[in-house]
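In this document, chain identifiers A, B, C, D and E correspond to the written order of the chains, with residue numbering beginning at 1 in each.
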């Protein structure tokens, strides 16, 4: 089980390190790259949790789609100038303070909650045939959200086009 | 193989949404065939779509009546059509229809008359419908996103206008941020119950010990996300800015449709899964409600932009509606339903007037732009007066009725201090609403530009004013109408 | 190193969530704010998938898929709006977007 | 005829509204047409109310001409109207003053005529509704309805600070009325809890027995609403502003009718619905003190006014103090005097405002120092003013005296000190009114602008004539008025002080003592205590 | 014809006249006006005469008739717990007392009306004057004929109003309208007392009807009706406050001299013969109540005596002919009040009637002088008029003789009776009254000598126009002169061989009171004829010496008068300024209350008036200002403050709205933080 735990710690380090770097890098492109690092970490975690299909979706959709989209836009807007400017806004100190306070409270709550959180069903049984399970879930239990999601994507496409085009 | 999992009922319930989607796509397609001057045809198409959806709703209702059921479940419990859902769907259809009525002349003036506008508005309506009838976290979440994303786009629809861009930007970033918080809370709910069905979550939560930190985390995050969507203090700050920047017609839409939908979601969440935790969230709600009323009313006083002012006024109304949830008894919930019903009409009414103020060379969103309206268009001035009185809650307009139930419920449940605070804010509210009245009735016109009135605006004004007065003067059928949802929630 | 318990997963997701929040609150660049929001969604996904494996039920994973979809949609529209804004204002700095206030 | 008889109140109530709506369809340019239509409507409104007087049976204590139609059954609100003696008098006052107010505006208002008359007529319906309704919900609706037209009357056709005055009027009244709404709702749902019946029916609610501390809270809520409307002492500051800025007709209506809503509210709601609170010694003392302060204070401030209209406005504060003094004496004389004085105040102060209006129309100023010696050029005006002033300062044979005397008698019965303070108000009234009269009517006519003033014309005389006739009528033969009030007042007293009419030890028993003057107050306390304990027992046994 | 049944019409005739004047007066010729208005009064007089004639033949000499219930108030509890009904009728009572009053009022009133026809012939507003006069007659007759206190109060206030109107008849004169207002307001102070007295009466006896109250009072005297003495004292004192106001007793006398600003017939009718006696009438009417309250009686007597001497001394130093008469009136009213105070109600009423004759005559005579001198009122600018206006002179002489109590003149009988009864009550009172008698002789004869004797001090301009008054004025003068002489014979006292029929006539009214007084008196008054003769002789003597002193100072040794004035400079100034009472009142009430902004109105030495008066005036002004200040700043201020706070808080609230989306996001986080903190700290 130690190996198992070690994996978790490594992945957590990748995820959190990537996240911190993402939000601290001066260059937006670098941020996007470190976002990819985080996403890969998360994908790894998914694998670790035996969610193979989701790990794949994470890699294809997130890294392959969304991040590239980000990069496109970053390239589109004036990159160099933005990189030379101040990267953090004036309220960052205050904001950081608030967030840390919040983290303290959240941590406290989680720590308090660790006992009341019951793990009765934590069988640890492997999910056989993960993809098939997800398919059944998606097309049977969650067919309606799936359909709505398609509409959502349609709207997103139309919206992105409407927003980004000079003249419709 | 399909019928193994799904029945005809599922699709029957889905029909209004399907029709709206089809017409939405249809609008986008026919838009390609229309030239610049025929764009209003899009509005007609959209209206027809809403009409079809409405007819479907009527049929569903009659079939439910015939079958003698008050609640229909579909898609394996993903949606449940009950009184509440029906009530809200009607509100959405009405809001969207009236918004379409006031839109086309406005969009012509703005030179942004595109089919996508109507299409996205219809898609947003679909999202709202699922918010009203969803009984599953995933359905609700995805419905919320559909609605929200549509509104982001609509808010930024005047792409050439910086204020519109800015509004869309702020709304999107803050909206996404709040969605993140909300979904974090939802994930905790899932974690605590191993289910995404609201009712199952509810029964799982009621098993948990009092003061469970995880429950608190879930409640707080979900409450924060929902409060953001309805625009309650301190999560309200996007409201004035977005109201001001968005196109007039979209501000009108946002102030009713999505807001009512957010309330539908809030009611669902607080009453179904979190219903057993009332004593956990009630103090929270009281604080938020009082803060919302206070801030909304106070900040509205010194506004000079009418959309901004109405934004703050909308915030204060949220406070009142939350009070209905605070008391939470039958009267209170009935009050919320009636309040929302009335709110749709009066708010759309006053925004219709604002939309009509948009003239060729005039943005028309400053209060002073309404100067001398009584001389220019007395009918519109008098109707505005009715809307404003209703917003303030002066009988015999409809607005009073909503407040009546809220106040009564507060007294019934012993929240005397809250009741006094709430009634006193009525006086503050009248102060800023009457600033508009003063400008309209007692000042000379600043220019000779008449308000831009189209057939649609006429109809919209007529319908909203008639309803505002009718609900005020003869509220009985509407109270009956609103009792349905209450029974649905209280079961 | 203590053995990994469910609380660790929750801590991890909370930490990632917090990082996202900090990003939203402090970075000037609107695009990075949007990226930070993606981090928040990922934190949620960690939660969901963890619970899913914990309960040995896939609905959590399905939920995560929808979250990804929503994130994608928001990112797409958000980037569209950023482009529109950039076209008009020549800036992507959040604290310069303050035309409307008070 | 029977239809009219059965629905007379509805007819009376909606004739002004119907006229107002008809008025909207007249062309704006035809100013005289609009004027005629409005005046005819108002006159018709008065005419249809006349049969009420003849059909009213003053020997019956119940509400008469009752109409009841379901309105909002799910909350128990009905469209129900009815009159007893108290409301009959006020309704008649309203129809008379309504017509007079409209008639008085013939030449003084020239702008936006249609709206002006529309609002006046709408106001008329609102006021009538307040006095007629037997449903608390409907009452509240009418109560608020009439705010809006009044707001516009002040705000559009008012003087220099009209906007300020209008919103002040609105806000003050609104603050009071929303608190009253809470009181109404509290009564409503307590009744629903007690009887299981959801109703706003005033007659039913008047028989409700509420716990005393709740009564006190509700009394306080009502008090704020009514005291602002009256206005009682610390809440009175909206009144001078509103009066001074309002157009003449507005002032007449405001002083003549609107203020009465506050006192009417006390009589109709506070007293019968909250008998324990109303007769609570501390409450009575509080109300009496405020009334006396208002009487003296209003008089003193009136003395110092330099603005003619403001003087009259402050005199209203003083006079309304008498009314509340009478009402909270809580005995038949005080109450009937208080109610009659409402009518008297409507007549006298209404007429005083007409008098001011007449001169304002000619000179467009109300500075007292601008005038002097007007008797020379306007002898008829001077005579009319004199009569009106005398009626206001309580000269016997005129209406004011009857009311004040009966009120003071009522107050005296409870505590002679109250009456003694009240009497000072009479002195002050003479002082400020006569001084006003002297400064304006007497003295040399040295302001050249006053040299060519025209005396009152026929129309103006016609606006004042009915009021003066009424003033003499009440002053010389008030019996019919007292008879109308007898039954309702007795009912209220019986409700508030059940022991009042109970048999007393026979005459010549206890010796009359000077400090016996304090005795009735003490007896009021003991009475209240006795009633309270009886109620407690009843509750306990239940 | 049954005159008794129609006594209710007596007031109505003049009212009719007044109404005709109000509605048509402007269009009527003066001739017709001068026919109608005195005519109505004459008719009233005749009806009254007939009624009194018939009354005399009634056994109980009392007739009451009720027209209708005027104030039908509701049930109330008397202080003894008994229930009663507040009720006041519009009803009339004719008994010996009101008979005397009604005859005096209508008789003298008629003569003065006739006089006015001549006097006012050249005035504008002739009809207005007569309208007011008739209205006054109506009120006065209502007052004297009323059968209850409340209706009496109607007349009481009515005469006040008419007095206000008539004093202010020359309304373009500021002093005149000031005086009218002052009269009304000062009277109102008295009225306030009267009303409160009525309330005490209602609370104690349950009624305001004369008959019922009287009966109850008799029961009290008989011990069948328990009333605490203090109640009666307070009640009567309050009633007396009313009388003090109306009958111009100290300290509320101040309005009367100022009232001389009105036309002279008004002064004669209202401020000498009729209205001012209303107070005395009311006290006499309430005799039964007053005698039950010995303290009140003492106060009444004291106030009366003090007023008598006080006003007489002021009269000495006045130079305005009408003002002298005014103070004389105050002084004589003091006599009457004193008479009531010692229980000599009959004597008081007797003096009231004789005073009505001679004082009316004095005023009318003075009016005639003024008329003939084209409005000159300053005695220092008169002199030697006796040949130029002989009728006025001779009639005036009659009146002067009557007022000082020359034997056989009317004043002799009434005054002597008062002096005698005062003596039998308290020698101190007698001394005061005695001295006053001397002073009366002095100031009246000073007036006579200054006006009619000596060399003429007239302006030449005026002198050329001096003329005797027209017949319409002289005939009333002569009639009144006859009454001044013979009017007192009706009360010829027994020790002089008469039967004092006047006393007997009033017996039914004052009988009970007299019994009570007699029972209450500790020692039986020694009814010695010798004492009576002695006192009479003394009073005639002092009157004669007064006349001589006047002669000495005015005619014989003018410079002696000047020297006296110089020697007693301070005293004289005080007298001339009427003891500064007016100033004090002005300062405290009129200026203080009314003229808040007061420009320098102090006409008197600041050294004389101490800081207290200033302080009091300042205090009233201050309260008034404070009230307004309170209004604008505290009451309104509180409201405005909250409005202001609302507005002010509006801005900070707006400032939260920075327009920066990350600030908004921070707020969201803060919100979440607060929520969590709430649960953490709960």
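Please note the rule applied: contacts are C-beta pairs under 8 Å (C-beta built on N, C-alpha and C of every residue); 3 or more make two chains touch, one makes a residue touch a chain.
None of these values were measured; they are calculated from a predicted model.
Looking at chain A and chain B, the chains in contact with each of them are C, E.
Note on connectivity: the fewest steps through touching chains from chain C to chain D is 2. Distance between Cα centroids is largest for the pairing of chain E with A. Two chain pairs, A-C and B-E, are weighed by contacting C-beta pairs, with A-C ahead.
Relative to the centroid of every protein C-alpha atom shown, the closest chain centre, again from C-alpha atoms, is found for D.
Annotation: 44 Å between the Cα-based centres of chain B and chain D. The distance from the centre of chain A to the centre of chain E, each centre being the mean of the chain's C-alpha atoms, comes to 102 Å.
Centre-to-centre separation of chain B and chain C, using mean CA positions: 26 Å. One simple way to say how far apart two chains are is to compare their mean CA positions; for chain A and chain D this gives 71 Å. Each of residues 654, 657, 659-663, 665-666, 669-670, 672, 676 in chain E touches at least two other chains.
Shown for chain A are the residues in touch with two or more other chains, namely 89, 91, 95, 98-99, 102, 106, 108-110, 113, 117, 121, 141-142, 145, 149, 152, 155-156, 159, 162-163.
Across the assembly, chain C contributes residues 20-21, 24-26, 33-34, 50, 54-55, 59, 62, 66, 69-70, 73-74, 77, 80-82, 84, 87, 94-95, 97, 99-101 that each touch 2 or more other chains. Contact annotation for chain pairs lists A-B, A-C, A-E, B-C, B-D, B-E, C-E, D-E, with touch applied as defined.
If you check the complex, the residues on chain B that touch chain A are 5-6, 14, 21, 25, 28, 74-76, 78-79, 114, 116, 119-120, 123, 126-127, 130, 136, 138-139, 141-143, 145-146, 149-150, 152-153, 156-157, 159, 168, 192, 194, 208-209, 212-214, 216-217. Residue ranges of chain E in contact with chain D, taken from their complex: 22, 26, 68-83, 86, 90, 150, 153-154, 156-158, 161, 164-165, 168, 171-172, 174, 176-178, 180-181, 184-185, 188-189, 191-192, 195-196, 199-200, 202-204, 224-228, 230-231, 234, 593-594, 596, 623-625, 627-628, 631, 635-636, 639, 643. If you check the complex, the residues on chain B that touch chain E are 169-170, 173-174, 177-178, 181, 216-217, 220-221, 223-224, 227-228, 234-235, 237-238, 240-241, 280, 283-284, 287, 295, 298-303, 428, 431.
Residues 1, 4-6, 8-9, 12, 15-16, 19-20, 22-23, 28, 31-32, 35, 38-39, 42, 45-46, 49-51, 53-54, 57-58, 61-62, 65-66, 69-70, 72-74, 76-78, 82, 85-92, 95-96, 98-99, 102-103, 106-107, 110-111, 113-114, 117, 119, 121-125, 127, 130, 133-134, 136-138, 141-142, 145, 149, 152-153, 155-157, 159-164, 166 of chain A touch chain C in their complex.
By the touch criterion stated above, chain C contacts chain B in their complex at residues 17, 20-21, 24, 30, 33-34, 37, 40-41, 43-44, 47-48, 50-51, 54-55, 57, 59-60, 62-63, 66-67, 69-70, 73-74, 77-78, 80-82, 84-85, 87-89, 94, 97, 99-101.
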